[in-house]
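Dropping the structures in below, format is structure tokens.
Both of the next two complexes hold subunit A, though its partner changes from subunit B to subunit C.
Up next, the complex of A and B:
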């Protein structure tokens, strides 16, 4: 007998077997709850109903782990959370309660105020597409980009995308580890991902201008692909509300059998049996058509609500929009690209480039005229009736008939144990390299430091003509920018409006291996500092959190998560920077060739955005002119933990420098005021590779050397030269101040750690000394040649 | 008189808004027109004073860049020919150049046969970067009049390698200085480093670099050093608008 027909009488073991066979990724408690509900209803479930529940309750859609209860054990004490997400990330936002946050955590993206006069909102969102990229890198990356763009199109009544971001984590390209039979090599994955982002982002005409690439063998079997998108929305188009009687209209792509079970697949560990059939197929042209139609229809007020079809397809998009009104869906009306498809498959298919609109009956004709003019296909799937019932049929046959409250309220949640990971930390004096310049050159050529030019130039990072702060900048257009500065003239259509916004990132999983709490602090700090270096108004920073972790069934993974989430709370409060949106991805874990579990390190990407009042005054990193006065702002601390230097050669010290949040916030405000007064000409943060790398990058992207003496640098007692040059203690940046305005700059920084360290030279030599001792002298062209090692 | 500019769109055209914005800044009245609106007769090519084919990926660059758009234009071929023959300014930027090459309007030849193409870059993939361009002062091109000997503009294309079918066709270009712009450091393998080609009358230009992305000084990667100089791309639009006036 078909197990679906006697679902209500199956044993727990049979339910588990059915779950596996159908690929739902529901756990025993959830399966029992579903069974209980249907027993109460007094009937057997239909396949379509079980599929709907599996999608709606999936980790991907509900974020059960992060927003569930946790018991965290550390040092004999237990701390309980009812909802970890609400008590950390959301708490920061609620506590800060910033007026300029227009929409947080509720919609497809967070929205903050943009520009002056309250006309515009800036929507920003980032998510991950890790599992698909592991099995099919090109398609996975394409659909990841397409998906996050649709989030921006589907926020409020639709925002116009003006920036794409991407951050990737891959295994080391030069690694020698043996891979399992079905795993793709890191270079193959990287090429596929880069090509996917390129072909989708370029075709749709959105600049891909911010992000990063990070190499670590922890990502060998589980690459991470973070994709983000920012868009502009008129402030009066943020509210959306489905009205009973509205039609359900699907526009854009057709529905096919690609991407069945993508939402549930993301909760499964990848193993040898994982195929690529769960990955969707992207088609940028269809999304561009939908974008062009939406922007026109939005301004004409032709629909009441919009959302995108992402994970779970129609089932979650229509389910979300109709969560109050209910929905009546006739699946036979869907436009298909595959006729062999089952009705329940139409309902959950994750075929790309589809948007769902809630359209008043009287406006359908005008909307259809625009759709036809843009050659964009559409179908009317049904209506939102207002009775709170979800009724899905195919040619009269019911596919699903459920009360909405069961779907959206019924998911059971249980407490997850979390415990603190034990890490051996050594604080002994780090070993110095034999040859300082040699170590610097090796650092510059390290894959986590070297030029990303070969990747960046494959992306159209200047389409829309608003990329003022470029990923490649400086005198030769090849230096590494800290943050993208976007002047959204193609969205405001007003070239006299000089407002822009900056987007920067912070990411340091190597620190997280030692101290997840500090990792969160360092990441938020790096993101804020990157914005500051671009000349943004960091008093109005908004953050996104994107967590990627291994299986939450491991208490230590949950322990890492708890600490990092607490770090996010502390950093957000100290910097006055609320989180406005976020996403998490778990089960980034695989078995290697020897059958050993291979979890990723906890990976937290902090994306940050802040306004730039006049993009013409935004800053770049390169030295501008001989004679420029160089200052190092911030205190240099001990500890080589998480540094690139330690990866290159073990210094014997893996302590992580603790970030003094209060001091950092005060320092940034002073630097910001100095920038506002116009005395700063260039700024660059000290991050991957440390101070020596920062100075080198500023020098060779400006084509000018410098004479630097670090003797006056504010430092922790007993700081070694290795820690000073190559340590990565946070909250530091190098600035070039216009000659003659040094005293003015000092006045702004009065009482704060900011030391004069030398001047930009008229030649191409970079000389650095400390305490009367010359540490190194090197030609910047030699340093640049080391740094310009191409990745692909 | 404010010249009317038709900025031609199709499915998945991009750069249209910036290109229209550039003309507006120079005092013209741009209008975004979808090829479907021309085909249906709703709009007419000859009602405008200036024509611009913006960059982007019309029809996703399927088959080859600009090909589908060129095929769609075939029905209205006479109108387009007449527009060019009238001496009204026509500029094709990036995808626009690819369209002009595939319709056979550029390089100019008797019967407007397709005699050239813009093939996949030698490196095999899309490239976006700033390049130095040499301006051919002897060229009849009206868009490049008054530019310095060397300018910088960004390129962003996967298919930008300019090739012509034979020596005769190339001689027809070089013999009359129709190669208005050449690369200082060839980024895609184009024959004779050619980046932009115009017709003999000088009113129709196709070029791979994007002048609309170097319209304001702050769009340059080297700031603020570059902010002191005027942006090179602006003159292309100013010349066209000035000419149409």
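Up next, the complex of A and C:
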């Protein structure tokens, strides 16, 4: 007998077997709840109903792990959370209650005020597309980019995308580990992902200009692909509301069998049996047509609400829009790629480039005229009736008939155990290298430090003509930028309006292996510092959190998550920087044919944006002219934990430098004021590789050396030279101050740790000494040659 | 009908070196290489129309040349590998070219698919196939063919 026809009487084991066969990724509690519901309704479920429930209750759509209850055990104490996400990330935003936050955590992206006069909002969103990229990197990355762009198109009544961001994690390209049979090698994955991001972004005409690449063998089988998008929306187009009687209109791509079970796929570990139906190839040209239609129709007020078809397809998009009104859907009206498709497959298909609009009947004709003019296909799938009932049919036959209340509120959530991971920490004095310049050159050539030129130059970061702060900066356009600065005149259409915004990131998984709480602090701090170095007004920083983790069924994975979430709360409050949106991705854990598990380290990408009042005054990292006064702002702390140096050569010290949030916030405000006054010509954060790498990058990007003496640097007592040069303690940046304005700069930073360390030189030598001892002298061309080692 | 587009030899050095380097990274020693783009155009078009598409639409007359005879590049003794997206997989380039063909000829072909061909001199059949599977093809979405010319 077909188990679907006998669902209500199946045993728990039979339900689990059915779940595996259908690829739903529902757990035992959820299956039991579904069974209870249909027993109450007095009938067996239809396939379409079970598929709808699986999609709606998936980790991808419901974020059950992060928004569920957790019991965290550490040092004999238990702390309970009813909703971890609300009690950390959302709490920070609610506590800060910034008036410039226009929409947070309620829509497809967060929105903050942009510019002056309350005319514009800036929408920002980042998410991950990890599992698809592990199976088919090119298609996975393409559809990831397409999906996050649709989030921006589907926020409010639609924002115009002006920037794409990308941050990737791969296994080491030079690694020697033998891969399991089903795995693609890291170089293969990297090439595919880069090409996918390139082709989608370039074809749709959105600059890809902010991101990073991180290598660690923890990502050998589970690459992470974070893609982000920012867009501008008129402030009066942020509110949306489906009205009873509105038509359900699907525009953009056609529906096919591609991408079935993408949402539930994200709730499962990848193994040998992972199927190919969960991945697909994007079609940027179709999405561009939908984008152009939306922008015109939005401004003419031709629809009341819009959202994107992402994971779960129609079932999620129409289900979300109709969560209050209900929805009446006739699937036979859908435009199909292939007629050999089951009705339930139409309902859950994740075919790309589709948007759902809620259109008043009287406005359909005008909308259709725009759709036809843009050569954008559409269909009217049904209407939002206002009775709170989801009724989906195909040719009159029911596919799903469910109460919205059960669909959106019925998912059971259970308390997950979390415990603190035990990590052995050594604080002994780190061993010094025999040859300082040699260690520096090795650091510059390290894959987590070296140039990303071969990747960056594949992306069109100039399209739309507004990329002021470029990914490659400096005298020769080949130095590493800290943050992208965007002048969105392609959206404002006002060339006299010089307002812009900066976007930067912070990412420190190596710190997270030792201390997840500090990882969150370091990541938020790095993101804020990157914005500051670009000349942004960091008092108005808005953050996105993107967590990626292994299986949350492991209490230590949950423990890492709890600590990192608490770190996010602390950092956001200290910097006055609310989280406006975010995403989480779990089950980034692979099993090979032999049954061995390969979990990723907890990975938290903090993306940050802040306004730049006048993009012409934004800053870059390179030394500008001989004679410039160099200052190191911030206090250097002990600890080599999480550093690139420790990857190259184990120093014997893995202690993580703790971040003093209050001191950092005060320092950044003082530096910001100095920048606003025009004292600062260049700024660069101290991050991966440490201070020596920062100085080298500033020098060779400017084609100018420097004479540096670190004697006056504010430092923790007992700090070694290794920690000073190569340690990665947070909250530090190097700034070049206009000659003659040193005293003015000092006044801004009075009482704060900021030391004069030397001057930009007229030659190409970089000399660094400390306490009378010359640590190294090297020609910047030699340093640059080490750094310019190509990745692919 | 298939239209094959080559970069003229005097401009092809960097793409060939890139391919040889990529193969070397996969453990395959390639003495010489050549690359091309493939457009399979299904439709009721005359040979003159295919010629026109190659000449006016698909090949850059300065840096590229085209052929309606696959593999006619004088690269004798080399392996020729064709890589295509499976027919069920979205082909954005193919779709765009189909629209462009309609603009040029005034009628739309039934279908256009886009692929690539790689020519490699030197390796054994087994080594070539292993490198192709490991670097150029993902059998989740691609199909490929290999022959000696």
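Everything below uses one rule, namely that the second predicted complex is superposed on the first by the 789 of 792 C-alpha atoms of A that agree within 3 Å, B and C clash if a C-alpha of one lies under 4 Å from a C-alpha of the other, contacts with A are read in each partner's own complex, and residues count from 1 in each chain.
The working rule: a contact is a pair of C-beta atoms (placed from the backbone, for glycine too) under 8 Å apart; a residue touches a chain by one contact, two chains touch by 3 or more.
As the structure is a prediction and not an experimental result, all values here were calculated from the model.
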**Clash or fit (per the criteria above) of subunit B with subunit C on subunit A** = clash
**Request:** Could you say whether A:258 touches subunit B, subunit C, both of them, or neither, answering first, second, both or neither?
**Result:** second
**Asked** For A:373, is the partner it touches subunit B (first), subunit C (second), both, or none of the two (neither)?
**Response** first
**Request:** Could you look at A:285 and tell me whether it touches subunit B, subunit C, both or neither (first, second, both, neither)?
**Result:** both
**Message:** So in the superposed three-chain picture, is A:125 touching just subunit B, just subunit C, both, or none of them (first/second/both/neither)?
**Reply:** neither
**Item:** Winner by number of subunit A residues touched, once subunit B and subunit C are compared
**Value:** B
**Asked** Where does A:203 make contact in the superposed view: on subunit B (first), on subunit C (second), on both, or on neither?
**Response** both
**Asked** If you stack the two complexes on chain A, which partner ends up touching A:421: first (subunit B), second (subunit C), both, or neither?
**Response** neither
**Asked** Does the superposition put A:185 against subunit B (first), subunit C (second), both, or neither?
**Response** second
**Request:** Name the contact category of A:620: first (subunit B only), second (subunit C only), both, or neither.
**Result:** first
**Asked** Can A:136 be said to touch subunit B (first), subunit C (second), both, or neither?
**Response** second
**Prompt:** Where on subunit A do the contacts from subunit B and from subunit C line up?
**Reply:** 199, 203, 283-285
**Asked** Can you name the residues of subunit A that touch subunit C in the complex?
**Response** 135-139, 184-185, 187-188, 192, 199, 203, 258, 276, 279-285, 352
**Prompt:** Contact residues on subunit B for subunit A in the complex?
**Reply:** 11-12, 14-15, 17-18, 21, 25, 34, 36-37, 55-57, 59-62, 125-130, 154, 156, 158, 210, 212-213, 215-216, 218-219, 221-225, 227
**Asked** Can you list the residues on subunit C that touch subunit A in the complex?
**Response** 25, 85, 88-92, 95-96, 134-135, 138, 140-141
**Prompt:** Okay, in this complex, where on subunit A does subunit B touch?
**Reply:** 195, 198-199, 202-205, 283-285, 288-289, 373-375, 456-465, 467-468, 470, 472-477, 487, 489-490, 493, 495, 615-616, 618, 620, 622, 624
